[in-house]
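Below: a set of structures, written as structure tokens.
One chain, chain A, links the two complexes that follow: it is found with chain B in the first and with chain C in the second.
And then the complex of A and B:
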């Protein structure tokens, strides 16, 4: 702020508070609905203050699921979502960092070919090639498996590019010194490059964890077995029809559970999140 | 840019790129080429045999009024999502950049919608705006006398998915604008203030031009988001309906391929979408140098 204008400062706060309230409202209503009895939600307008069914609703969905639509327990879905998110985040980071290392620190035939092959995948989302990718997974017998849920989504160029950019900024002197000291490429990678990349790894982890947790179309296609549902899919499967037919209190409790882990990751790891977001998209 | 120090090994670099390359080949190149192959094929009604039909699928596609409709729907949808989303997040970012006190708290409170899955965002809005029990519906009907029922009315269904999509993506836009604003040198703003330029003048003459690369980048990202990232929102709310009033292209690929099992037609649509993505990527990369120029 260059000058003191009390009215503008007031206006800025007013707009920001309004923005925060409007943005938070849907989630507040979701939370309230998750603490009510179904009958209370059904009589419009629903109350806007939390009810007393919090424990009942949440323990119901966690252990038994809803009684309409999908009856799978959300507890198991949370486990599936966690496995999927972690496998995608860790897998992506692992395969990207070693391929970026090879492309930056080695000279070998076909290096640029490989680079461009990875580059092409940069922006093509899985949504565009769903049917053929689904067929590949089906042919490989990977339907309803964790491998089928995660491996196809690990192939992405963004992480490779982030690491490549970062490796480019690492001073050559470090590699020279390592070589003089007799360290081979893998020793240099493990003892020098990997510790230096900690920040990038953390930033990428946050972004990819959220990406993995929030996947929708892919698990929708390849999980037909209730025991493989992720939380996001579980919510969708609980919605059976028109407004009145759904157990909204249970659906909303599940929605809260689906939002909580990624929201916590974003808020608690805010610094890495902002860094990861701004850098991966460059 | 090349590294001065490089290692040489006959096998190690191949072993290092092998995992990524294998996954890319199996789950990207193979399906993408399948999509292109299928798009030239016509399957019989039982999926038993198929024959090569050349460009017939594409010709049929562009002759199909439903597909052209879907293009229009996607265009309207992405213009609304990108326009409203960018305008609102720019407003919030400019305000957050201005306040001194509490800016970290505001940022924290504005960034978390990014963590919400598109499908969950869809469910939330479907509930808020539910025709019979939704709390917003109650206000719209009771206070404004609006006849709100997005299940039946196309334009209201479009409004619903646009609101949900803007909400879901606002933190992304906000963070990029905030980063852009914070990289503008204070001295420029101060110099303008000394020269007597008021806040509005400073915004339009200095801040906004310097922010335009960020805005352009976000425009492309938002269009890509509206095209592909909103699948979950559509599927959790309108499922393309009523009729086809919110059936965006990517939803039609899914609908035709999975629900209607029209492999050739769906693959041809996939190929068209791939071309769209590649075009958008090229546009983005041509302007990326400008982006880092401020």
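And then the complex of A and C:
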């Protein structure tokens, strides 16, 4: 629509700017707080310009953690979070693309039953099945381990469904041409389907990486050992009690660190991500 | 290269039988067209030869070897699909080389074959392009290239020209003919287009509802259709079928010629006239009250106007059919 109505333009911009302020201001405050001394934050009102403690605060949390709450270094937590997020993202994609391949391209007994079983698990997110899942993981001795952190979160109906929908749009003739060319099922999967799915894979990777990174409840339950904390849990463990007792500058620095990797993944993979969501390459 | 034998080939999906026993011996190097309306089972028949559909009954042999239980890749065939089915993420070169790579041919051999096919099909300058960056005709040629490089015993074409525009279709038809002359590979070509069938085929199978109605050379099929289905499917406009003496009299539109009312064997009540330039098509029904629709192809110079048109036909151009079975009666 091409319109030239100054008032509408003004209104649109005003609303957008307001929206940006509402979203961005808390992030800005977080950043400012992460550069101040604790005493400065405790003043009312808190200064809204960055202070001079940036390097001190960040190096403190990265290497040593907070002094009052958990003393685990955030550097190690970032590593844990990265491992967890990567394992969940890659694991989910690997498993769901293979199950979608099986469901779409093979005729086996109870095929639709299996599909619906996968589909029904959509209704059972971790939060709903958390107690039995915890029991299973505990009995298997997987508390405080990367396996315990990731395995229960890897099965994904959403991703399976997404790949299924994508595979169903791939023309049957492509599979037949590959058969005539002499490609077996796995060859077809690797040489044809996988390259065609790469934009979907990229989009899913971004979504699932953030999903894995932001996990809170599950890691909170199964990590009791400081060395297994993820960054998000680290923030929680730094908050020890009443408002004044917490080192908000360090907590905010940790929060900034926790926000950074998902933002980086989105920014770096933006091109692929958008492609995967809006276009199908056929 | 090899011949293909279809021996009472059957296909059914559960209870539903779609191919009711087709038998044919195809000689080495022959170009066979399978012609029929949509849903007649012609593509299914081709896909059974390719190995993409299970053969429910009968036998298919390629080069004397029964292939019923063989995978497509072991049948030594190559197939060209209607929508080309090129791998979208591979370049033209990779598309053609893929099958050879799977077979484990040495790189130099693959390269030689692809370059040769690209030369034949004039695709040399497009080898690095992705299918997306090609026109419909070029994609079609890549699909053919992919078939050629395999050097198969049999080419299978599943309506390969139907996605092209009319002009390109004529051109590709010519190229296909030239290609067949050059390679001499046995070819099966499925189409619903009678012009493609008439121009390409050495012999053709006219199929209807899962049965081979007639097998023969195009002109022979045109001149002596075995059933009313073939008579009305081939030829445009189709053969006129007029009930007469308890039988069906068939006469082609071009064999009706205007005459004086005294000589008239038929009088057509014209209601539609289509001047095509080269000739004029007229349509109507028989004036004596019978309801059969008739068409006649008149010379462009013939006066055509709505009203009565007396026509006659030569006895040698008459066909007789049984009105119940639809089968041809007599020679």
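Here is the rule we use: the second predicted complex is superposed on the first by the 266 of 282 C-alpha atoms of A that agree within 3 Å, B and C clash if a C-alpha of one lies under 4 Å from a C-alpha of the other, contacts with A are read in each partner's own complex, and residues count from 1 in each chain.
In the analysis below, a contact is a pair of C-beta atoms (placed from the backbone, for glycine too) under 8 Å apart; a residue touches a chain by one contact, two chains touch by 3 or more.
Everything quoted here is computed from the prediction, not taken from an experiment.
Asks: Do chain B and chain C fit side by side on chain A in the superposed arrangement, or is it a clash?
Replies: Overlaying the two complexes on chain A (C-alpha atoms) leaves chain C and chain B fitting together cleanly.
Asks: Quick check for you: in the superposed arrangement, does A:224 touch first (chain B), second (chain C), both or neither?
Replies: Neither partner.
Asks: Check whether A:114 is in contact with chain B, with chain C, with both or with neither, and answer first, second, both or neither.
Replies: Once the two structures are laid over each other on A, A:114 reaches chain B alone.
Asks: Anyone got the angle at chain A's C-alpha centre between chain B and chain C, nearest 10 degrees?
Replies: Value: 90 degrees, nearest 10.
Asks: With the two complexes superposed on chain A, say which partner A:48 touches: chain B (first), chain C (second), both, or neither.
Replies: In the superposed model, A:48 contacts chain B only, not chain C.
Asks: Who wins on chain A residues touched, chain B or chain C?
Replies: Looking at chain A, the partner in contact with more of its residues is B.
Asks: Mind working out whether A:196 is in touch with chain B, chain C, both or neither, as first, second, both or neither?
Replies: The second partner, chain C, only.
Asks: Using the superposition on chain A described above, determine whether A:183 touches chain B (first), chain C (second), both, or neither.
Replies: Second partner only.
Asks: Go through the superposed model and pick first if A:136 touches only chain B, second if only chain C, both, or neither.
Replies: first
Asks: Quick one: classify A:266 as touching chain B (first), chain C (second), both or neither.
Replies: The first partner, chain B, only.
Asks: Considering only C-alpha atoms, give the closest distance between chain B and chain C in the superposition, rounded to the nearest Å.
Replies: Here the least C-alpha separation of chain B and chain C stands at 7 Å.
Asks: In the superposed view, which residues of chain A touch chain B and also chain C?
Replies: 176, 179, 281-282
Asks: Can you name the residues of chain A that touch chain B in the complex?
Replies: 1-3, 5, 8-9, 11-13, 15-16, 19-20, 23-24, 26-27, 29-30, 33, 41-42, 44-46, 48, 94-96, 98-99, 101-108, 111, 114, 117-118, 120-125, 127-133, 135-136, 151-152, 154-155, 160, 167-168, 172, 175-176, 179, 184-186, 210, 213-217, 220-221, 232-233, 235-236, 239, 242-244, 248, 251-252, 255, 258-259, 262-263, 265-267, 270, 273-274, 277-278, 281-282
Asks: Taking the touch rule as given, give the residues of chain A at its contact with chain C in the complex, in rising order.
Replies: Residues of chain A touching chain C: 171, 173-174, 176-183, 187, 191-192, 195-196, 281-282.
Asks: Chain A touches which residues of chain C in the complex?
Replies: Residues of chain C touching chain A: 50-52, 71-73, 77-79, 81-89, 98-99, 102-103, 146.
Asks: Mind pulling up the chain B residues that touch chain A in the complex?
Replies: 1, 3-9, 12-14, 16-17, 19-21, 23-32, 34-35, 38, 88, 91-92, 95-96, 98-100, 102, 106-121, 123-128, 130-135, 137-139, 151, 167, 170, 172, 175-176, 179, 186, 189-190, 193, 199, 217, 221, 224, 228-229, 231-232, 235-236, 250, 253-254, 257-258, 263, 266-267, 270, 273-274, 277-278, 280-281, 284, 288, 291-292
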